[in-house]
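Here it is, the structure, as structure tokens.
Chain lettering (A, B and C) follows the sequence in which the chains are written, and residue indices restart at 1 in each chain.
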Amino acid sequence: MIKLEKIQKYYGQYHALRDISCDMVEGEFFSLLGPSGSGKTTLLRTIAGFEHPDSGDVSIDGQSMAKVPPNKRPTNMVFQSYAIFPHMNVAENVAYGLRSKAVNKTDQLKLVRDTLAKVDLAGYEDRAAHAMSGGQRQRVALARALILKPKVLLLDEPLSALDRKLREEMQSELRRLQRNLGITFVLVTHDQEEALTMSDRVAVMFEGRIAQVDTPETLYRRPASKRVAEFFGSMNVLPAKLIDKSIHGQTVGIDGLGHIEVPENQFPEIALESNLCAGVRPESMTILEEDDNTAEKQTDGVITDVEYRGEMTYYDVRFEGTEQLVCVSMRNTTARRIKQVGDAVRIGWGRDSVVLLVDQ
Amino acid sequence: MNMNENTARGLSQISLPFLFTMLLLAAPIVLLFAMSFWTQDFLTIDHTLSLSNYKQAWSEPIYQTLMLRSLKISMIVTALTVCLAYPAAYYMSFVVPNHRKALWVFLITIPFWTSYLMRIYLWKVILGYNGVVNGSLIDLGLIAEPLEFILYNQLAVVVTLSHAWLPFAVLPIFVAMEKIDRSYLEAAQDLGDSAFWRFLRVTLPLSMTGVIAATLIVFVPTIGDYVTPKLVGGPDGLMIANMIELQFKKANNAPLGAALALSAMLLVAAVAAIFLWLNRRYLQTETRA
Amino acid sequence: MNIALRIYILVFVLFLYAPTLLLPLFAFNDSSIIAFPLSGFTLEWFSALWQENGLQSAAVNSLIIATASSILATTLAMLASSASVRHDFPGKAPMMGIIMVPMFLPEIIIGVSLLTMLVLAGLPLSIYTIILGHTLICVPFCIAILRSSFQHLDPSMEEASLDLGETRATTFRRITLPLIVPGVVSSLLIAFTISLDEFVIAFFLSGTEPTLPVYIWSQLRFPKKTPIIMALGTVLLVVSVCLLSFSELVKRRNLRRLGLDHRPGV
């Protein structure tokens, strides 16, 4: 649907977009995720037509957008500030783009009413634009864009101005809307939780480059690099070494935790004895009870810190052979006893707990 | 240079007003400059370059007197207006509640927007032999004969100009005071300063940028004022602008007029530059301390 | 301390307004001498205005010049303000500096230099030359007003309009212009008032068609005309104050309508 090919963008000396190539599929909810300065908004605006790439191409539905100005592209954008025209009421705002499409007044009215109903703002036609709350304004901005039936809806950090509860509501709303409409959404956000919740696929960007494009689950469980891993939730990153390898798999020694057999030949070029990182999520390890021997691997450790956070408890565990403390989280069920500082514990883990990363 | 759309559009937008100003301000001043090196005999202008006009402007006593007098009057007016304006600006910024400030700004500026000519003429009427001041003083029994020293001299010029330029002095000081973060004053109070010391140590220094702006805003135009000295100055109160006009019109010596005009501007620029330099030194020691 | 300040500001405001308040006082005064005590109410000075030779044509000239100057100055100021606030380009600061210079120069300098150029170029002095001179000095004031309008204009408004299918031209008409209208109206009115009252440049650049201030100037040497001048001054005062108050009202009403008020000094 959208094809980005080798896009480069400079602002003077500043290299904002470095060789971006990416495809977005029709009907998917796609997010551009990254910290501020990563280029994600620049990329979105390039798709919209407000920025022109210095080299490379944007094509939508097979057609190159190189010579197409923003008002002629099959995209519509929801701006971060919503950009609701203050001198018009809601109906006039929503109907704004219909004028250039030469839609007559009666049809306009009907379309406005239908679209407002879709975003849960039925009856708000005559409201003054500046008398609306942030969440309402966002829906007006959505309606205004969607009424034009774009092939692609672009959203620039649409939820960042909303308070937390509203944000969560809108996340599910946007997802539901996208599924109902079936059009491609491209959303820019710096909030990884947001990206994971709403998207079919996410492109993680750092410093003008795309680091990884994958489904939320793959990004979380199989991050391609240490940096991507650390971006999503918390992750323990332990030094590791490649001890042995054969066509059947590799043996990796992880500091503190022990040896693990990994079947995939993930690093064919790397030599034995070279240094890797092992990423282990806190929730992928378990504090084993006395009689529990079900875990694939077990390692003894001592608890050095306990942080109770209502739903979960986070433990810092010291293992033999490494200075680094490992964070292990456990869900607080009624059956479980919360451990104390100084308790000796057995930590259960396995192949699936570990993702091997090149140290970058 | 990366000529992107933003840059291109900006340049195309500013081109028209910029060219307009170049054509109507820069070009004429350049021509004025050129003309100041020519000489005029009755109606014929001799284009051979000469410094005679400047020699005249700087050495002949009459022009020296006028320039120095203009400088003196302008400085007195500036000092007077800034001093009078300061408490008014203080009142507007620190006493008037926020929602009334715009109204006060409006009130202060209205006199400025009314006809300058009329205001000067009114002062002539007020200060005249049979005018309002004299009439009232006589009626009140404070004097027997009308005062003659209040009109057609430098005093009248100073009074009139000060009155005319007061709003111009109030506004920049007001703006600077508005910018002062009130929490500075609260901190000063918290640290033990009384109202007087808070003013002296916090408000006054932080409002100085406004005072400097007000000084320049009043000083530069008043030196070149034409109407006031002509109407209320009498022979003793004429200023350089009147002489410039004379040269351009009756005296038929436009090149001399040009030289006088540019010399006056040079003087103004020099004084303004010295003033700014002195202030930079003063302000720098303040911040270092 | 506060009491002293309040007394001061009272005296200050009185002093500021006193001369101007004398204007209507003596315009209705039944005496040709401007002095106290007042003699009685009369409208004869106002009716005498109609009979004055040259007054009406001077007034018409002034109106034409003021209208043309305000429109021209506002247009140029819109371009300059837009460029200054919303775009970055090399030479921006010096170019804007030069455009703003007329606000800081004595009018006599501008007057004689324009006169010089026109005479050397062999162009006749006329209403058009005054319009050019007035536009030059009004532009900096108009820019000061319009800068604020453009600063409050969210750039994503225009981008949203483009995104929704409008061209640059229709975007200007539907979005930009309505949103800067308070500034535009203010600018037009301020420029109009400046031009109406301006004397020095008109004095140097007027040919055979004087403006109102130039006409007034020519009458000032006649003591008998004084009360008539007072009447004229009163009319001008009322007109100026009305225009300025109207400008303020329009500005406030539009700010309220756009939900941008509640800021002192706006």
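Basically, a residue touches a chain if its C-beta (ideal position, glycine included) is under 8 Å from a C-beta of that chain, and two chains touch if they have at least 3 such contacts.
Owing to the predicted nature of the structure, the values given are computational and were not obtained by experimental measurement.
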**Report entry** Selected interface, A-C versus B-C, where C-beta contact pairs are more numerous
**Finding:** B-C
Report summary line: With centres defined as CA means, the chain nearest the overall centre is C
**Report entry** Whole-Å separation of chain centres (CA-atom averages), chain A against chain B
**Finding:** 61
Query - chain B and chain C, separation of their C-alpha mean positions in angstrom - result: 19
Query - Rounded Å distance between chain A and chain C, as computed from the means of their C-alpha atoms - result: 56
Query - Complex contact set, residues of chain C against chain B - result: 1-2, 5-6, 8-9, 12-13, 15-17, 19-20, 22-23, 26, 33-37, 76-77, 79-80, 82-84, 86-90, 92, 95-96, 98-99, 101-102, 104-110, 112-117, 119-120, 132-133, 135-136, 139, 190, 193-194, 196-197, 199-200, 203-204, 213, 216-217, 220, 226, 229, 233, 236-237, 240-241, 244, 248, 264-266
Report task. State the interface residues of chain B toward chain C in the complex, per the touch definition above. Result -> 1, 6-7, 9-11, 13-14, 16-18, 20-22, 24-29, 31-32, 35, 84, 87-88, 90-91, 95, 98-99, 101-102, 105-108, 110-111, 113-119, 121-123, 125-126, 128, 130-132, 134-136, 139, 163, 166-167, 175, 178, 195, 216-217, 220-221, 223-227, 231, 241, 244-245, 248, 254, 257-258, 261, 265
Query raised in the report: Where on chain C is chain A touching in the complex?
Result: 154, 156-157, 159-167, 170, 174-175, 178-179, 257-260
Query raised in the report: Which residues of chain A touch chain C in their complex?
Result: 48-50, 69-72, 75-77, 79-81, 83, 85-87, 96-97, 99-101, 130-131, 141, 144-145, 148
